[in-house]
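In what comes next, subunit A is part of two complexes: it sits with subunit B in the first one and with subunit C in the second one.
For the complex of A and B:
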C-alpha cells in the first residue's frame, strides 16, 4: 500500500513544474472542460482538436529527449513516419476486423522503437553527442523522406499495400475498437477525441511519474554534466539510449494517430519543414518541462492554424521568426517562463497571507 | 568498352562526387571547425549564392562574375546573420542549431514568396567531350578543379595570411588571443562570413547544373553534413579525406544501384564511421599525432 502511494507521489517532484492542491485542482478543471468540450462543439471542430492532440505526443517525445535528456534529435519525424507507414501497411494488408487496428498501433510503435534501438545504439555507444547527434538524426530523416518519395512504381509494395511514392498511402481504416455486436469505429470526431485524449492524459501522467523517479533524475543529471553522472557510476549511454527509445515510441504514437486520423500518410511528413515544426512548439513552450510543452504545443499549433487561414504563406516565416526570437530572448521557453513567474507570484501572495 | 574508358568513367564519377561533397561541405566545415557552430541555414546560403549568380547572369554579366557576385552577397548576408543572431549564442552551441534552423525556414519561405516557386536557370557552359561510348560534361571537370582550388585557397588563407594566424589563435585559446589584442569578435564575424561565402560559391558553381527552387539547399545539406561529421573539425585533415572516402562510396553505389542508393550508402558510411571514430577522421589523425 505504501509503495502504491509513493508511486503516485512521483506525480510531482523536482523535474516537473506544478505541485500542490492549486495545480491539481486547476488540472481537474481543465480535464472537466476537455471532457465536456465535445458536447458543446460540432464534429469538425472536435476533429480538428484531435489533430492538435495528435501532435502533442511527438512534442512530448522531443521534450523528453531534448529538454530532459539534453540530446537534440531531429529524428522524431522519422519515427513518426515509420510508425505511420507501419500502421498503413499493416491495416491495408490485414483489415480492421477483430480490433486489429489496435494491434497494428502497438506493432507500428514497436517498429519505430526498434529502429530507434538500432540507430541509438550506433549513436550513443559511438558517443556522439551535441551537434553531431542532431546532424546524424537529421540526415536519417531526410534520407527516409527521399527513399519513400521515390517508391512510386508498382514494384514498391508490401503485401497488398502500395507505397505510392510522393503521394503517400491513403485509405487505411481508422482505429476500431472491437465491441460485442457493432465494433466502434473511431472516425476523426468525438469517438477519436476521447480515445486520443485519454491516451494523452495517460502518457502525460506516466511521463510525470517517470521523470520524477530515479530514472528521470539520472537523465537530468546526464544533461547537466555527463562526466559527473558517469563518475557516479551510471552508464550514461544506456540511459540515453532508453530515453531515445521511449521518445521514438511516443513519436511513433503520434505517427499512427495521425495516419488513423486523416487516413493518409505522405513522405513530406518526414521532410525538413515537418521536422522543424515540433522543434518550434517545444522550444517556444519550454523544452525542460512536460506541462509547458503540452500547453506550448497546443497554443502554437492553434496560432499556426489561424495564421495559415489568414496569411497562408507568411505563417511559416512567422514560425521561423518566433523560433529565432525565442532562442535569443527566452531560451527556456515562453510558457515555462510564464508559469515560473506565476508560481513565484503565488508563493509571494501565500507568504503575505500567512 | 575497354578498360581505359571504364577507368576514366569511374574517375570522372569519383571526381564529380568529390567536387560536390567538398564544395558543399567546406563552408560548413570552416564555420564548425572554427567556432563549433553548426549552421543549419547552410543550404540557404548555397541557395542565395545560386540565385544571385543566376540573377546577375540574366542581367548580362558573364558567369564567373556572376559566381563572384553570388559569393560576395552570401558572405555579406553571413555577416548580417552573425551580427544579429549567432553572436549571442556562442556559449550555447545546441541553440545555434535551433536558431539557424529558424533562419533556414524564414529564408526558404521568404524566397518562395518573393521570387516564386522557381527561377529561370543558367545554361551549363563549355559543352561536352567524348570518351569511348559516353559523353562527359567539361563543366564537371571545371567543378572538380574548383574544389581542389578552394581547398588550396583555404590552406593558403589559414597558413600564410595574418587573418589565418589570428583565426587559428582564436580557435585554439580564445581568451588568450583576446588578451594579446586580437579582436576575437571580428575574427568570428569574418570566419562566419568566409563560411557563408564558400556556401555561396558552391551555390554559384552549381547554379548552371540544377533547377533553381527555394528548397534547393536541401539537396546539398545532407551531403555537407555527412562530410563534416565524418571529417571532424579540421578542414584539411578532415573534410578533404572525408570527401575522398565518401566520393568513393557515393560514386560506387550510384553507378551500381542508382542515385538513391548512393545517398543511402553515404548514410550507412557515416553511421559506421562515427561508431568507430567518434571525433571524425581529423580527430583520429590528430590523436595519432600527439
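For the complex of A and C:
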C-alpha cells in the first residue's frame, strides 16, 4: 500500500512544475473542459484539435531526450516516419478486423523503438554526444526521407502495400475498436478525439511519475554533468539509451496517430522542415518541463495553423523568428518562463494574505 | 594489506610521457597525499585510477582484483569515489537533489530522507538544502561534492585538491572532515598543494615529478628532502 502511495506521490517533484491543490484543481478544470469540448463543437474542428494533440507526443519525446536528458536529437521524425509507415504497411496488409489496428499501433511503435535501440546503441556506447548527436540523428531522418521518396516503382511494396515514393501511402484504415455488433471506427472527429486525449493524459501523467523517480533523477544528473553522474556509479550510456528508446516510442505514437488520423503518410514527414518544427515547439514552450512542453506545443501549433490559413505564406519565417526571440528573451522557454513567474506571483500573494 | 596497487603504470599523450612506470601502493586505512609541481602528472594518475584514461601499459589492482579494464562506473561500484579538482556538482539542481542522486542507489523511501538529512548536517549545508547548487560559494560546492563522494561509502576516496580556493579556516575544517572519515575506516588519497592541509592529515606523502615517483615518506622526511625542495624551485636538473 505504501508503495502504491509513494508511486503516485511522484506525480509531483523537483523535475516537474506544478504541485499542490492549486495546480491539480486547475488540471481537473482543464480536463473537464477538454472532455466537454466536443459536445459544443463541430466534427471538423474537433478533428483539427485531434491533429494538434497528435503532435504533442513527439514534442514530449524531445522534452524527455533534450530537455531532461540534455541530448539534442534532431531526428525524432525518423521514428515518427518508421511507425507511421509501419502502421500503414500492417493495416493495408491485414485490415482492421478483430481490433488489429490497435495491435498494429503497438507493433509499429515497437518497430520504431527497436530501431532506436540499434541507433542509440551505436551512438551512446560509441560516446557520441553534443552537436554530433544532432548531426547523426538528422542524417538518419533525411536518409529515410530520401529512401522512401524513391520507392515510387511497383517493385517497392511490402505484401499488398505499395510504398508509392514521394506521394506516400494512403487509404489505410483508421483505428478501429472491436465492439459486439459493430466495431467502432475512430474517424478523425469525436471518437478519435477521446482516444487520443485519453492516451495523452495517460502519457503525460506517466512521464511525470517517471521523471520524478530515481530514474528521472539520474537523467537530469546526466544533463547537468555526465562525468559526475558516471563517478557516482551510474552507467550513463545505459540511461541515455533507455531515455532515447522511450523518446523514440513517443515519437512513434505520434507517427501512428498521424497516419491513422489522415489515413496517409508521406516521406516529407521525415524531411528537414518536419524535423525542425518539433524543436521549435519544444524550445518555445520550455523543453525542461512536461507541462510547458504540452502547453507550448498546442499554442504554437494553433498559431502556426492560423497563420497558414489566414493568408500568410510567411508562417515558417514566423516560426524562425519565434525561435530566435525565445533564445534571446527566455532561453528556457516562453511558457515555462510565464509559469515560473505566475508561481512566484502566487507565492508572494499567499504570503501577503497570511 | 594494500587496498590500491599501481604496477608499472604508463601513459603517453603523443610524445609526452605523463605517467612513467609509476608504482604506488596504498595501505588500507591510510591517508596518503600526492604532491608535486604543476604538470607532474597527479591528475592524470587520478584519471587512470578512475578509468577515465586507460594506461598504455601497467596494472591497477583494487582490493586484490585487477580493475585495469573496468569502466569508470564499475570501478565506482567496487568502492572507489572521487571529488574532482573543479567542483563537479549538478549546478542546476538543488543541494538536496544533488545528495539524493548520490544516495538513491543505496537507500529508498524514508531511509533515503534520513540519510540526506544526516549528510546535510555533516556538511553544514542544512540551511542551503533548497538552494540551487550553482549558487553556492566555492567552498560550499567543494563540501557538497565531498558529501556526494562519501555518500557512496567508498573504501577509497580520491580527493583532487579538496581545499583549492578555501580560506585557511575552511581548509582546516576540511582537514578535520577528512580525519573523521578516516577514523571511520575510509582510505584517502588526496592531491593537494596546501602544505598546512598535508601536514594536518597525511600519514604518508608521495612526490610526483615528470610523471615519476620522485620521493615517498612522512611529511617530515619529504620536507627535509633537499631534492624535493629543488624541484619545487625548478632546479631539479640544474
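In the analysis below, the second predicted complex is superposed on the first by the 352 of 354 C-alpha atoms of A that agree within 3 Å, B and C clash if a C-alpha of one lies under 4 Å from a C-alpha of the other, contacts with A are read in each partner's own complex, and residues count from 1 in each chain.
The rule is simple: contacts are C-beta pairs under 8 Å (C-beta built on N, C-alpha and C of every residue); 3 or more make two chains touch, one makes a residue touch a chain.
No experiment lies behind these values; they were computed from the predicted model shown.
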For this session: Using the touch criterion from the header, give the chain among subunit B and subunit C with more contacted residues in subunit A.
Result: B
For this session: Check whether A:218 is in contact with subunit B, with subunit C, with both or with neither, and answer first, second, both or neither.
Result: second
For this session: Please work out whether A:182 is in contact with subunit B alone, subunit C alone, both, or neither, and reply first, second, both or neither.
Result: neither
For this session: Identify the partner contact of A:146: answer first if only subunit B is touched, second if only subunit C is, both if each is, neither if none is.
Result: first
For this session: Using the touch definition from the top, say if A:324 reaches subunit B (first), subunit C (second), both or neither.
Result: first
For this session: Quick one: classify A:155 as touching subunit B (first), subunit C (second), both or neither.
Result: neither
Problem set entry | Touched partner set for A:134, first subunit B, second subunit C, both or neither | first
Problem set entry | subunit B and subunit C contact sites that coincide on subunit A, given as residue numbers | none
For this session: Provide the residue numbers of subunit C that touch subunit A in the complex, in ascending order.
Result: 50, 52, 71-73, 76-77, 81-82, 84, 88-94, 97, 100-102, 104-105, 109, 145, 148-149, 152
Seminar exercise, completed: So, in the complex, the side of subunit A touching subunit C is made of residues 2, 6, 14, 214, 217-218, 220-221, 223-225, 227-236
Exercise. Which of the residues in subunit A come into contact with subunit B in the complex?
Worked result: 70, 72, 119, 122-123, 125-128, 130-132, 134-136, 138-140, 142-143, 146-147, 150, 272-273, 276, 279-280, 283, 313-314, 316-317, 319-324, 327-328, 331
For this session: Name, in rising order, each residue of subunit B that touches subunit A in their complex.
Result: 32, 36, 38, 85, 88-89, 92-95, 97-99, 101-106, 108-110, 112-113, 215, 218, 221-222, 225-226, 228-229, 260, 263-264, 267, 270-272, 274-276, 278
